[in-house]
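Okay, so here's the structure we're looking at.
Chain naming follows the written order as A, B, C and D, and within any one chain the residues start at number 1.
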């Protein structure tokens, strides 16, 4: 695993995916070592008067040959806005890699990835890594969104396995929320592991389903962070062993350890 | 060559840059970023006699040029520290101080007694200024009699360097500083966080679980500098200054105002390399200004 | 339609947005930018019995998300104000308050007496919290007995709205607020500036001629919010909140914390249109949240 | 005279003049009315975490036909750096016009403009206005700098009248400071008016010379400002009638009123 480092990464490309999502590919000046899906970066945003602290983003992909890291960023406020507006060639100051990744499944296991919003970022990285390593794992991905316009990266998931979707307005896939999809509602026992990342209510609903049928389940949390590497104790979540830091003990947690 | 060494009472620091309690974990978390031995010292997180869970999440909020925290002294207690953490800190060739808090004078005393036995801990920083705990904490640091009581009691049992960390949430910080000097503090460190609050207008809720919390970062620097300046006129013991120090120029300002050493806190969240960059920056500053020893800066503000 | 009107004791404000003393001149300087009648009111610059030259230059310094000032109450005295400025303010269809300072209780009283005679001035804001003058000023506002003494004396001679402006440089602002409430203040306004300091590391000199000065701007907002919140738990009279308000969301936060109205200060330097944008922004906020009257916001923080 | 206003001006062009000086031409969305040489603008710099207050700059020129204002900016710190780096097309938030201009000379008078650094900005604007108005004034300009590399706009001044220069290293014009130039040292009585803008020690030296031979002299001061329009009283200078605001009573002052 790669040690934590602070580096200026150069924006190689900045692609707008839809109204408010951008994909940034960042060139690292140092050799990237192994980074686990689920790990994240913490980015400094100097060109805004309201971004004193860094902004955390999941790692969306690593290209060890090009030596690049990709981020999948939704423009929700000043920090993400400056980042999604960064032109190619400019540098961004990044602390990475932070936190722990998802646990790998065993051979032949069937796994279900349940994502919503920018929560698909670490899940897609995970799916691609599993695929790349040629592990004999059966990957199913369930992506939920409000409308079909908000669904992203279905094709990318499709390259790694089966894809399902739900939309609240029924414009694509099953109408409703992810928990209304048969994969979660009826067939969950058929999976060995469920991994989820997205809005907290979604993850809680997925966790409840998994707990009900006693299926292994990991979720990736997004608590507000001040440092991102375990020194401030601001990002805690309540676990069966007390307050734990989302940044260093997580962001990936087994739901057995959470007090949900 | 310039001389970066400073003395804080009987503590020898290779340079005036320390890191601040609660912002540096046990130091170990920073080892990926730089060699901790490059620091003059570091202060490990707030330690209490008994383990504390701290406050519920959310514990932090970003504010203009700063942040609020309401960690509430989460730690596993001084015994756990002595047995499990301390052995991993012995290897460091720099001053490792323990920040000590308590809800009662007795708790402070018992905690200090345990730390007194730890050979490689040359001093404690007595936190009488934490705004984030219900009992004790800041209330000790906001009146002279209570500040005196806790410092006097700890002084009796603690032989090594006793640094007392002052609260900025007072009408006259000079008076508190003089009071703790009179009952045996070897140095004072200031400032702890300013009691503050943040609200989310949209949800109409406070941003911290505890409603109020402690403000740190560059926003507080002007207040911290003023307090260091005031305390420097009031006491003879050395002052360790902090509050919003982000770079070497900030550090120099605190020394000009009267601090013999400084601590870097919140800056380490924004730039984990800030503490070492500040060491290097002070060295550059001294060379550029042809000042031989960093001690010549202390209190040398030109009026 | 939403109702923006608020009452501060016997003062009727068409909306809760006022501008802060010392940051708005006599209002006239803002007339190029907007119609002053759109404000709930404005407070003209600090006025004293006798003319004052104020402090030497430099009087200001930029700090992270804020600024320091050390103006020191430069003004031509209350007589000059009454004869030469007041006639130009009579035309305004909004509340024009005069901010009053003094070095002695007698000066406050005599100054208030003069203003009591000015028909179109419905109230004064008694400044017992200015950190930038050598005698009087802030010292009145940092202890209960002295705060009571000046408020009690002014109350005797002043019939109209008496707003008392509190200093944040105290251990317990609630105590001072309660003290001035008990001796007849109609409302309290807070916060005045935090006593602070800035140094230029390169020249090794203070940036203000007076060494220390008053910190204002967004940097102080978290401290100001906390104090408004604390005072709201302590007194029954209305609170006028200020300190770093830059936009409507900030203004709403102060009202949620317990302020009945707010004042915009430093923001007007950064954006001269800030005061009117805040009026409009509060109106938008109320519509968006389907709140009929702005008074429903006051103290409605959800815990 | 134009009323004060707050406007977003669009950068029409941003030309780098030398290592650290840029010329910005800004397009106003409102009709520009009469602006006096010596007046200034106050610019907000949002893309920096250390520029809370606006930054004042002299107006370097106004094109009433194109409806543009030009600024001559030296990159000395975060605010001026962001401004000199602003690409064409971006908008900047500007309060203008502020302060008072230089007093106009009478017909047939001989005037001497003495500038250093970015202090030449209002002087050149003044010279051009005098020229444009076809007033029968004899304009002489004396520009001082450290080296010939730091001398700027001599040709522009030459189009308005006589130009002299001094450099400290003697690489151009008279070696020394402006006060070493014969125009100031020996021939000052030959001028009816002297106007100066530049570093304060330079202006003080010019003022001393002018006072010695009792020649009318105006200088443009640059005190630190918080508001720029007379409400904060932070920018005062000591005058014979007490503290006066550089932003509203100045920035142009007759040296008779200053306590130099």
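Assorted remarks:
In this section, a contact is a pair of C-beta atoms (placed from the backbone, for glycine too) under 8 Å apart; a residue touches a chain by one contact, two chains touch by 3 or more.
Predicted model, so just to flag it, every value in this text is computed and none were measured.
Common neighbours of chain A and chain D, by the contact definition above: there are none. Mean C-alpha positions place chain B and chain C at a centre distance of 34 Å.
Separating the centre of chain A from that of chain B, both taken as means of CA atoms, is a distance of 36 Å. Mean C-alpha positions place chain B and chain D at a centre distance of 47 Å.
Residue numbers of chain B whose C-beta contacts span two or more other chains: 63-66, 217-218. Chain contacts: chain D has residues 49, 51-52 touching two or more partner chains. Contact topology of the protein chains: cyclic, one closed ring where each chain has exactly two touching partners.
The full set of touching chain pairs reads A-B, A-D, B-C, C-D.
Taken together, the chain D residues at the contact with chain A in this complex read 46-49, 51-52. For chain D in complex with chain C, the residues that touch the partner chain are 3-6, 44, 49-54, 93, 95, 223-238, 242-243, 248.
Chain B contributes residues 22-25, 29-30, 32-33, 45, 53-54, 56-67, 69, 71, 74, 217-218, 266, 268-273 to its touches with chain A in the complex.
By the touch criterion given at the top, residues 63-66, 68, 142-143, 169-171, 194-199, 201-206, 211-212, 215, 217-223, 225-226, 229, 244, 249-250, 252-253, 256-257, 285, 300-303 of chain B touch chain C in their complex.
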